[in-house]
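In what follows, subunit A forms one complex with subunit B and a second complex with subunit C.
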Partner chain A sequence: MNKPIRFILVGLVVVLLGGLAIGVAHAEEVVLTYVTQQETMCFDPAKSIDETELGNVFNTYDLLVYPLETGEAPVPWLAESWDVSGDGLTYTFHLRKGVLFHDGTELTAEDVAFSMDRMLRINMGFSWLWTGILDPGDVEVIDPYTVSFHLNKTFGPFIATLVQFGIVNKDLIMANMKEGEFGEFGDYGQEYLETTVAGSGPYTVESVELGDRIIFRKFDNYWRGWEEGQIDKVRWLIIPEAATMVVMMKKGEADMSEQWLSPEAFEDMAATPGVVVKENPQMQLFFLQMNNQKPPFDDVNVRKAISYAFDYATAIEAIFKGGAQAEGSVPVLMPGHNPDITVYQRDIEKAREYLAKSKYSKEELKAMTITYVYVYGLEIERKIGLLLADNLTEIDFNVEIRSELWGRITDMATKPESTPHFTAIYHTAKYPSPDSHTYLIYNPKAWGNYISMSWYENPEVTELTDSARTTADTEERYRLYGEVQRITTDEAAALFIANPVLRRAFRDHVKDYRYPGILGYDLVFYNLKIEK
Partner chain B sequence: MEQVLRRKQKGNLARAFYRFKKNPLSLVGLSIILVMILIAILAPFIAPYPGDSAGAVHFKQMFQPPSWKHPFGTDEVGRDVLSRVIFGSRISLMLGVVVLFVAVGVGLPLGLFAGYLGGKVESVIMRITDIFLAIPPLVLALAVTAVLERNLYNSMFAIAFTWWPWYTRLAYGETLSKKEEDFVEVSESLGASRTYIMFREILPNMTSSLLVKITLDMGYAILVGAALGFLGLGAQPPTPEWGTLVSLGRIHLPKMWWLSTFAGLAIFITVLGFNLLGDGLRDFFDVEVE
Partner chain C sequence: MYMVLVLFGVSLLIFFLARVMPGDPARLALGPEATQEQVASLRHKLGLDRPLYTQYYVFLRGLFKGELGMSLITKRDVFKDLIQRLPATLELVMTAMLIAILGGIPLGVLSALHKDRTIDQISRIFAFAGVSFPRFWIGIMFQIAFAYILGLLPITGRISGDPPTRITGLYLLDSLIARDFPAFVDSFKHLLLPSLTLSLSPLAQITRITRANMIEQLRKDYSIVMRTIGMPEVVNIYKYMLKNAFTSTLTVIGLLTGWMIGNAFVIEQVFSWPGMARYGVNSVLRNDFNAVVGVTLVIAVGYVVINLIVDLLYGYLDPRIRLKR
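Right after this comes the complex of A and B.
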């Protein structure tokens, strides 16, 4: 045997033994690998907005209230209970004692007040939920375990919105802030939270390589305690190619997949032994915004004609491959959804009838080019565009399909003039109240972002959504929202298409997955167990 | 005298054809291009389902693997991939032709002016050209399309925008070498105008190098166009542009391999064809082109 070969063999044996040793040392550790193509930009509850950032926040921070069941009101969490003053303006929360941050200090009312001020001053992420409702300084510390929120006006969905309010560690942030625009608070620790966390949640961040991977490690002193089989370490990998993700799932190199893969990819994975695809209904609306201020969509008859021309069944069966047809803007599972409203079905005769009533002549409509804009890379939206264009040729419309980057679409959304005729939009519940799917779409006060690209204006609806917001009684509030749903579907404010299902693929040893209906909450790894 | 000249030319031509034929690959290139052009022209007649290249969708027959009915299979909305690849040839060839037409139309006169007139004109034109040449074509084209609305015509414009400097450089170099030659000096002494000399004396004498470069560039322009399409910046649905087809098919790899593969092969064969032909022409004209 010559020398180099012997060297290689010896090297191999050493590597194998080393690998075995590492394997033995870590045999006890329960590890889960999650794959997604979405990059994480920060670990900051005041800035998180997309699914992965929200998932990171819900894993590493804690909230006053928690959405445990789909379609139900949030349950007490860090806040063990709360009182509401008679005028509905003051909410007083009684905090759980003995909740520890990752650095071992206790979470108190000071941290809650600091977190809300920080959220409002940074004015990013979900701070818009409380715009006009709360100002910095409106949160009062009564004692270390009691904190009061003084609202500027009654706000019915207030408790529901708190599912987007993560509590940060005040002392840790203050010790790690940089120069910034917030005076004595510097940059409010924004730079610090780009790569690390300051929370009390079930996981800490062990290491981050932006655009590549995040390693989460369980926080031993988490207040809810730990059981056998729960996950000690999460490898969160960012995989840019969908095909690679599918192969990793099939080969067992990943345990859990993101939800944005195509229905075909999920079918493919589900057919592989060892992989399970779970489907959950969600509080999500997929709809096409119809710019109500752009001819010919300023004519209700044209909008109704389009609502009758679209082939909903094919969209649900062949494109979404599951889910339910949308019934108006409020998702079917959302508390406060009104079932007694117009639900359009494909009916070309009716579509032609409404077109005949339109103020635009057939020739005028034929001469117009209707633009359909969708987010570049979203396959389902592209296919919906192809289906729509095909459907609308039957009533002599000329549809042009165009993809744009998300950033460009949010720019278009700022003005009615720059908003295209159709824009494909997913609007997932960020808090469990019909407010998110009525007020944000139809009230002119909320205009200017992707949710309001229909530029729908009706004084009656504006009035209804305004008063629903300030109604404290839940039943009355839902009645008002119900009325909004009836009017807006009757006037075909937009083309409501589907309440899609959420799919994820798992290796079959991953158990106890549950989805509470709100974006990002199903990424809470604390809920999962791995069976040996 | 004239007869002698003509005979000499004839001899040159014969030698050129001999050189061209000696390299069988250039004949392969020529045949590929001719077939491609034929396919593009006859697309509506040879495509089995011409409607599938436009707006039609057939959700009932999605993702069918290649069969007699659909030799290249069907795509994610049930369209015949063969028909779409056939119609795609029109777009790619048109893109190549338009891009080079614009690039030559802009670049060539600028190069002639710079080379023949010299002085300040030369400095200005050639420095601007250098700036453009300093940026890789794909990167510049990406930047241009990112600013404009996404569609096929803007991507053609973007590619042409990055392509003209190469022709300025070529024409400039050729003009510099030709303007010292006797036939130019004779024309000058006979009092011919500058325009006449540039376009009637110098330009015809660089046709061969131009033709070779244009042929080679057709392939590259089609490739850049496909790259833009792949990145979603070119043709919009339902236009069956090859790069877009490859890009949209790749998310269904490896199971539904036929979506990307055939469009990819079409790009490969076309680009190869133009390269082989370009090489053949280079031998034919016996010229050096960078």
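Right after this comes the complex of A and C.
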């Protein structure tokens, strides 16, 4: 064989083998397609609030502490350990060494301090968690791996709130900042973080098509390492039509669905071979706020009568199609839940007994129109309204059901006069502490938003929730929260209905799904594996 | 001048309407648990605590700098969102209109030439159905038939793999510029069902109006003379009659194009098409007032530009209009 021909043949073999190798490598890439209706696309940990945004953050950033599925207090994560000063005002975190940001630089205490200052100064997202607790400059860098948070006052749930604190890469942000309102920090890199990330989480953002898709790619140098079967690439697709999403799951064009589909859609998917619907308890309360400042709900006996008249079993079995009956305002899964409290069951005789004790006469009550307001488009809430209206006719109440846009409901929530008698509300924990389901509902300092539409006021409960916040000892804090739960259920501050389950559909090759009960955390794709 | 006045009027109207929608935009942006202080701080940052006329002045000033204010949903400037979203809607609308014109005009002509015969009856039923059937229903039926059962076309989205390098944002064009032919074919397949669904109603209307105008032209003296002297039918129909009949069809095409930009929402929703119409409706539902203003302005500009093009084309089609000027 002459030389040129041999040369060409060798070249061809090399190209073929190379192509084969690339092909094999490509074929081995583990890809997961996630489908959701929610469109929001924000990658900035200082601005994220809803499930989609939080999912983006938890996949691309890391946190000092991490929540557990058991609902217990968060565990060390980037912070390997921490010390709390005797007065409960200083938290000193000892950081893990060798954690890299996506650009290869090391995460240090400087980044932690910068991230908290940035969060507080931008004053959006979850910064409300630390309003009045921390001010910019209150986080001190002791050495590259030690950082201290100096709190303005004792704040019991502080560690729990850190599950919403993503750490950004200071140097990368500073190198990409634009002119802005924050002086030497410009815009704090807000424009930069519109479509990219500056984190150390398991995934980086490969591309973003607004309103269409986000492509996440695994970060090879992630500090927890990688195992076979974990997801290399995530296709996060926005599918606004629920019916289309169901078809995609059934056809195998998607591997994982969002949680907001109807129970009927999940039933439909579960009946399809190859699709598995997983149900997990969550730290979520579905309740009907009863406006305690509006007659006749200003009378505890009327509220108790309603609590006894409602048919909880039908609501959970026929409407939610799963989940547990709520035991007070704190979800059963939440640490600090008090199991020794009044749990109302349907008992019409008792309902009538309490009505007889009411300051309102039967005729007065019959003449009143009780309004029930739910969020426009939420079918479950509409059905709950119908069930409530039906149940309350047995004690001669006249219920008017009305839907409103969410924006209108948040307006109504600002004043007791504009708040309807009943408002259907879902309240999901954003941090694993009973504080979110007690202080935010019952303490007048937190009034004015949808969580506090009961306008329940009791000086003893106010005192207890204030004290709990400033109590550093966990056991004592839980005791105080437990007392709040006892009083507020005794007084039927609201109609506590359910702790619904969180459902997601998966193709059956997706394994190891777990949910720590906090909104957005089950979207951490690092936890998932695909078995071929 | 009139264009500027129209746009000024639209901006004024929509600006004030967007600010009286129920719900506090700052509260919605920050989330329900945000403190009153935080809400007040964001209201200040967004200028919502200032008098409306000052807000409008700031808005107009920003408009000249290419800024439409922060979207409360995406937390970036609305202008950037629109730049991202508009090409998807334009690609969909332009393709749908092309289908409607290429289908509607021949069908209208054919219908007129065979008035009251089988072909005309079929065309009339088709036109009636095209206008009457809800678009979301047709879209879902197409998805079930062509995507789910036959598996010929994709169910949703604009492209299966990675999009072509962004130049215009129109995937068909960008893939051609990049000479990425697989991406072109893939984008085209994705575009087919949504654009066909969107085109049905305009197609039906164009068919109806072309038919009516052509019947009118067929009765005119010049058309009878042409036929009598033995002018070939194709020349008579397409060179003389259709040109005369086309003026009112053009008006309808102009109006329909403007209408489609704003009303592609249902199609974008069903086919997960990441366009501007869907963005606009979501903005209304979530009280994203800056985005509502931005989308409305773009639609208004769309109408104005299309009307201008139609006016210019009138002159081309009818020399009397040109000479009057």
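What we mean here is this: the second predicted complex is superposed on the first by the 506 of 532 C-alpha atoms of A that agree within 3 Å, B and C clash if a C-alpha of one lies under 4 Å from a C-alpha of the other, contacts with A are read in each partner's own complex, and residues count from 1 in each chain.
Keep this in mind: contacts are C-beta pairs under 8 Å (C-beta built on N, C-alpha and C of every residue); 3 or more make two chains touch, one makes a residue touch a chain.
These numbers were taken from a predicted model, which means no experiment stands behind them.
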| item | value |
| --- | --- |
| Partner chain in contact with A:243 - subunit B first, subunit C second, else both or neither | both |
| Which superposed partner A:213 touches (first subunit B, second subunit C, both, neither) | second |
| Contacts of A:307 with subunit B and subunit C, given as first, second, both or neither | neither |
| Touched partner set for A:115, first subunit B, second subunit C, both or neither | neither |
| First (subunit B), second (subunit C), both or neither touched by A:430 | second |
| Touched partner set for A:282, first subunit B, second subunit C, both or neither | neither |
| A:386 touches, of subunit B and subunit C: first, second, both or neither? | first |
| Touched subunit A residues, subunit B compared with subunit C | C |
| Touched partner set for A:42, first subunit B, second subunit C, both or neither | second |
| Subunit B and subunit C footprints on subunit A, overlapping residues | 241, 243, 247 |
| Subunit A - residues contacting subunit B, complex | 241-243, 247, 262, 264-265, 268, 314, 317-319, 376-377, 379, 382-383, 385-387, 389-390, 393, 400-404 |
| Subunit B residues touching subunit A - in the complex, by the definition given at the top | 55-57, 59-60, 62-63, 76-77, 149-151, 232, 236-238, 248, 250-256 |
| Contact set on subunit A toward subunit C in their complex | 39-42, 44, 47, 49-50, 123-125, 127-128, 131, 181, 190-191, 194, 207, 209-213, 215, 237-241, 243-244, 247-248, 251, 253, 405-408, 410-411, 414, 430, 440, 448-451 |
| In the complex, subunit C residues that touch subunit A | 21-24, 27-38, 41-42, 45, 73-76, 80-81, 84-85, 88, 140, 143, 148, 155-158, 162-163, 268-272, 274-275, 278-279, 282, 285-287 |
